[in-house]
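Per-chain residue numbering starts at 1, and chain names A, B and C are given in the order in which the chains are listed.
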Amino acid sequence: MSANSGGSTTGRGEEIGLWAGCVAQVRRELKIARRRGGDLVNPLMFLALVVVLFPLGISPEPDLLASVAPGLLWVAALLAMLLSLDGLFRGDHEDGSLEQMLLSPLPLPVLCLAKVVVHWLLTGLPLALCAPLLGVLLALPGAGYLALMLSLALGTATLSLIGAIGAALTVGLPRGGVLLSLLVLPLYIPVLIFGAGAVKAAIEGGMAGPALALLGALLALALAAAPFAIAGGLRISVNG
Amino acid sequence: MWTFVHKLGSPKWSYAICGRLQPFFWVAALILLPIGTVWSLAISPPDYQMGDSYRIIYVHVPSAILAQSVFVAMALASAVFLIWKIKVADMAASVMAPFGAAMTALGLFSGSLWGVPTWGTWWTWDARLTSMLIQLFLYIGVIALRGAFGRGDQGAKAVAVLTLVGVVNIPIIKYSVVWWNTLHQPATFSLTERPAMPASMWMPLLVMVLGFYALFIALTLYRLRNELIRRESRARWVQALAD
Amino acid sequence: MAVKVSLRASRLACERDDRWLFRALDLRVEDGDILRIEGANGSGKTTLLKLLTGQLPPTEGRIEWHGEPLARSREAFLSQLLYVGHAPGVSAALTAQENLAWAAAMAGVRAPVPDLERALEAVGLAGFEDIPARQLSAGQRRRIALARLELVPRPLWILDEPFTAIDREGVAWLERRLVAHGDAGGAVVMTTHHTFHANGRVDSLLLGEAA
């Protein structure tokens, strides 16, 4: 180690803006997810397995499956999102990174939002993209595929945001997982209703538009309010 | 205003004022509830469509109203606690939660009882019953989160945030459930959305609702006093009380 | 030269979970001060740091940064503060250099690669830049956290148990580094049981007696 007796630092301390801070946050999250690997694949595998269970448990009858497919795919995707939430802040809490975020001069809600965006990119978006494949397994009628993808893409973003509030509140608890589902699932119900409703409407020849618009409204509301609740929850969990 | 808020924040003062107010609400509850019960069960006329079975609304409607009001009251107390750091507000929220959950459960139970003569089934996915069931889960979530943290400031704050998030979501959930209901079921006749009731029917209902409110406030004050003593057990004024 | 650090706490009291941790605590940290907070386990050392960093509001009393209440000057305060917590804030999946780059970004400071390398070299991690922190020892991870002292120029350092897990050589380096920071006009507040060689340079605050 060098004896730096002058007391000066090597860094020049040029300040960076909020945008650069967010970019650093997003890049960090992507790197961590890439090295862990499983985070990206596990929710997809979970979704696929749950979807396979239903024809085995109910009946392989295509008409029957087609009628329950929208709701079933949505419920399975919602549970897959839920499972991926518990780890959202846990690692950062344990290694002290969360404390660094809390003491950053950059606004915490924005840093949280950056984290949630990455969570959605790595779970919600892949679910939305892969859901059509599983729709085939469930004999989902052709008219429903576009609505399924759009509703999942919009809806899972809201699920990420709401779920992050629950994850932030329970991150300090030793057995947060089950409790997290208890807190978050009731709040997920509107997204489920509108999401599955959009797909159903598209299949029945109606308009998926209104339901998708409502999903968009939910997302807008969640985007505006949830980051503050997440930040508040994290402050409580870290500082007590 | 500020001195008032501060006074409210003082456990000793809260304890005294709860004690002073409590008798009025007990008396109100003890007068209103028996009157309402007798009136609604014996005096008010039977319904021309449903006969006597409609009388269950005299329990169902007040408990459903309380189920929502209690959650809103908890949210207000939580906001006061988070903004002004008044611990008494958190204690109030914590003693209200079980009562609210009980009212929701009572509303669900009475609703499903009513379903037997009306729909011929114990449970139907009626919009009102469904959103009540979800409300019950919200209550259970709040109570479970408090239980998981144990007693302490951290849990109190976490529960307050969850309660506020919940209260923002309640209207959204209600709206979505109604939307879903119209999508899936033709409108059946519902427990409360009925053509204008005659005064002989709604007057006892009003008495019952007021009685339930009085009971809620009386119980909250009573339990808040207990909670104050338990949490402040080391404070001088509690010691003095014990002597 | 203008005063860089002026952190004052007066009549500070903290109640946690219905228990008073400390009452009527006064302290003052200014340029050149090195303050060590001591006390038994559970005497509220970490809580005091949380109050001084504005993470928790005090139950009573006030904390001022340059004469302004801390709650009101939060952003200005945080951009002058460098905090190293009990947990190092180092993610196991990232390399030493990536961890440091992220920490700099969180501090709101630009950190080009040569600066990162120099900072890691200063804490004895030259050659470990591209090793994931998972493969490093606890002491090396703490050194990554301490490299922030080299990288992010901030007048006020608040450190929670900075001497844990590092070896004797590292302790000697850190001690010199803290004193140098004080001599250069910075200020240090830390919790530690470590006794300094240059003990005369360090002020002490003992918690847990007044309560």
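In this section, a contact is a pair of C-beta atoms (placed from the backbone, for glycine too) under 8 Å apart; a residue touches a chain by one contact, two chains touch by 3 or more.
Owing to the predicted nature of the structure, the values given are computational and were not obtained by experimental measurement.
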Select, from A-B and A-C, the pair of chains that is joined by more C-beta pairs in contact. A-C
Quick one: most central chain, C-alpha centroids? A
Quick one: report the Å distance separating chain B from chain C, using the average Cα coordinate of each chain. 48
Express in whole angstrom the distance between the two chain centres, defined as the mean CA positions of chain A and chain C. 34
Can you list the residues of chain A that touch 2 or more other chains? 240
Please output the residue numbers of chain C that touch at least 2 other chains, ranges allowed. 16
Would you please write down the residue numbers of chain B that are in contact with two or more other chains? 152-153
Can you list the chain A residues touching chain B in their complex? 165, 169-170, 172-173, 175-176, 179, 182-183, 185-187, 189-190, 193-194, 197, 200, 214, 218, 221, 225, 229, 232-233, 236-237, 240
Inside the complex, what are the residues of chain B that reach chain C? 85, 151-153, 231-232, 234
Partner chain A, residues of chain C touching it in the complex: 16, 50, 53, 55-56, 75, 78-79, 81, 83, 85-94, 98, 101-111, 115, 118-119, 121-124, 132, 145, 149-154, 169-170, 173, 176-177, 180-181, 183-186
Mind listing the chain B positions that touch chain A in their complex? 134, 137-138, 140-141, 144-145, 148-149, 152-154, 157-158, 161-162, 164-166, 168-169, 172-173, 175-177, 179-180, 183
Contact footprint of chain B on chain C as seen in their complex: 16-18, 57
